[in-house]
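Presented below is the structure to which this report refers.
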Amino acid sequence: MSIGDSETFEVEVKRLDGITIIRPMGEIDLSHSPTLRIHLREAYKSKPSRLIIDLGAVPYMDSSGVAILVEAMKNTNTNGGKLILCDLQVKVRSIFEIARLDTVFVIAKNPDDAMMK
Amino acid sequence: MSIGDSETFEVEVKRLDGITIIRPMGEIDLSHSPTLRIHLREAYKSKPSRLIIDLGAVPYMDSSGVAILVEAMKNTNTNGGKLILCDLQVKVRSIFEIARLDTVFVIAKNPDDAMMK
Amino acid sequence: MTPAPGHLHNPPDLKLQLFSQARLLSSTRAMVSTISQRLGFNEAQSGQITLAVDEALCNIINHGYDRRTDGQIWMSIWADEGNPPTLKIVLEDLARQVDPKLIRSRKLEEIRPGGLGVFIIHEIMDEVAYEQRAEGGMRLTMVKRLFRDGASDCRSGAPQQQSDSGCHCTEKSRAT
Amino acid sequence: MTPAPGHLHNPPDLKLQLFSQARLLSSTRAMVSTISQRLGFNEAQSGQITLAVDEALCNIINHGYDRRTDGQIWMSIWADEGNPPTLKIVLEDLARQVDPKLIRSRKLEEIRPGGLGVFIIHEIMDEVAYEQRAEGGMRLTMVKRLFRDGASDCRSGAPQQQSDSGCHCTEKSRAT
């Protein structure tokens, strides 16, 4: 589904032995990125060894979303953890490519794959 | 897929022993309904015993589209034929319901079903 | 028409100016659909709101401007997040002025092409009011409120209150 | 900037006035996405155009109006069906006036949050020009042409011509 199909934004958080999986659902734009930021800060404060961000339900992201993911990656790394993005939809992959960040982030196909990386 | 996913409009026509199947693809609004009308006029002029209109690839229809279908139904009936709509998407079904036309048209689930009705 | 909630007297949240061209309708629908969903209307409801606005725009193009493509249309949108969340959409033009009483749908029982647009607009919207603008042209004000209990589904037993009364200003009463 | 095709001097096909509010961005994106696809851009291309416009609007909200929610923004859209089909989008505001030379992205090599919006706009659009409006506020003009042979994909070997030059008016040359 694409722009206009749903206008809600929610974030699902799961934790299991040092691994945190965050699943935002909805468009990550200027109006929704502050909500994601709160969840991500919460997440890397608990110093997970692996912080997986499942973007399978994110049809759109702008640079405010990317900024928050860069911040989360830096902070996770500082704590000795690893941040992994997975299941990027076409438009979301596109912004990472344009910003030359597709090689900076660890990007996995799906959550299972992200557990292995 | 919903509004905004594709902006093209095409019509596919198939004929087999007195049966004509018309498959419009795209939104049937004021800008596209004239194109559909041309195809439908062509179709009922050849006096098919059954004129099936497959709406499976039509995410949206306004009353200009409904008007053309009413016209086509009347003309098909006059020629002794039968007009059958099939595979209506939710939003398209909604306009037939609002206009109380869901009981006036013969509506089938899918093209196979429409062959039987 | 009852006075609109406070917010609705402010300048609109979105104001779109467009030409009377069918090719611009899909972009306009996309905007209306998205703001409706943003306000909390579900996909079916926002689809209906979008249809009503589309029908009103088609009428301005077809009847107001006689299919001329250089007519101007203004669409103002207020998306009020109050209780109930309320969407107000006003369409204005510089087209032919007609007596609002003449803007009415045909009887639904006669099955014939056309004559459904105005009926659809009244069925979907909670308030519909046509008026002549002092500056020339027409103004159509449409209001839709969001009732989460499903009372907002205009289809369920809605009377055909508009089909042959020609009433040009309707407010539906409903249980909240 | 080269003179725009004839049509583009006419009034815009669509002109949207909105407040500097993040909640209105999705409706604006829906409109831009739909008009782009109507002009023939494919889904990926229209997604990129929408992103560029969104980034420009975010910058007006964040930097121009310092996140105030009562600022006004105007978006004018010309959808020229000529050859090549050309989309021109102009954003205007009454926000802080800045030297266009100061609207520049950071170096991409420093990986840090923020500083990507202006780079993305230049990467996606064929022409990007910031200027101060005589009436106050800023004007950003963006042009994107549709090349059906795929030459319009700005990603393929596009030079990082903007990343540290701070150039405020770029026209990409490309093979047609």
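List of remarks:
Going by the order they are written in, the chains are A, B, C and D; count residues from 1 in each one.
By our rule, contacts are C-beta pairs under 8 Å (C-beta built on N, C-alpha and C of every residue); 3 or more make two chains touch, one makes a residue touch a chain.
It should be emphasised that the depicted structure is a prediction, and the values quoted were computed from it without experimental measurement.
Least step count on the touch graph, chain B to chain D: 1.
Chain centre most remote from that of chain D: B (centre = mean of CA atoms). The mean-CA centres of chain B and chain C are about 26 angstrom from one another, to the nearest whole unit. Look at where the CA atoms of chain A average out and do the same for chain B: the two points lie 43 Å apart. If you average the CA atoms of chain C and of chain D, the two centres end up 32 Å from each other.
Within chain B, the positions touching two or more other chains are listed as 2-5, 7.
Within chain D, the positions touching two or more other chains are listed as 23, 26, 29-30, 33-34, 38, 43. Remark: chain C residues 12-19, 21, 23-24, 26-31, 33-35, 38 touch chain D in the complex.
Considering their complex, residues 2-4, 7, 27, 29-31, 60, 62-64, 66-68, 70-71, 74, 90-91, 94-95, 97-101, 104 of chain A touch chain D.
Contact residues of chain C toward chain A in the complex are 30, 33-34, 37-38, 43. Across the complex, chain A is touched by residues 22-23, 25-26, 29-30, 33, 43-44, 47-48, 50-51, 54-55, 58, 61-62, 108, 111-114, 116-117, 119-120, 123-124, 154-155 of chain D. Across the complex, chain A meets chain C through its residues 3-7.
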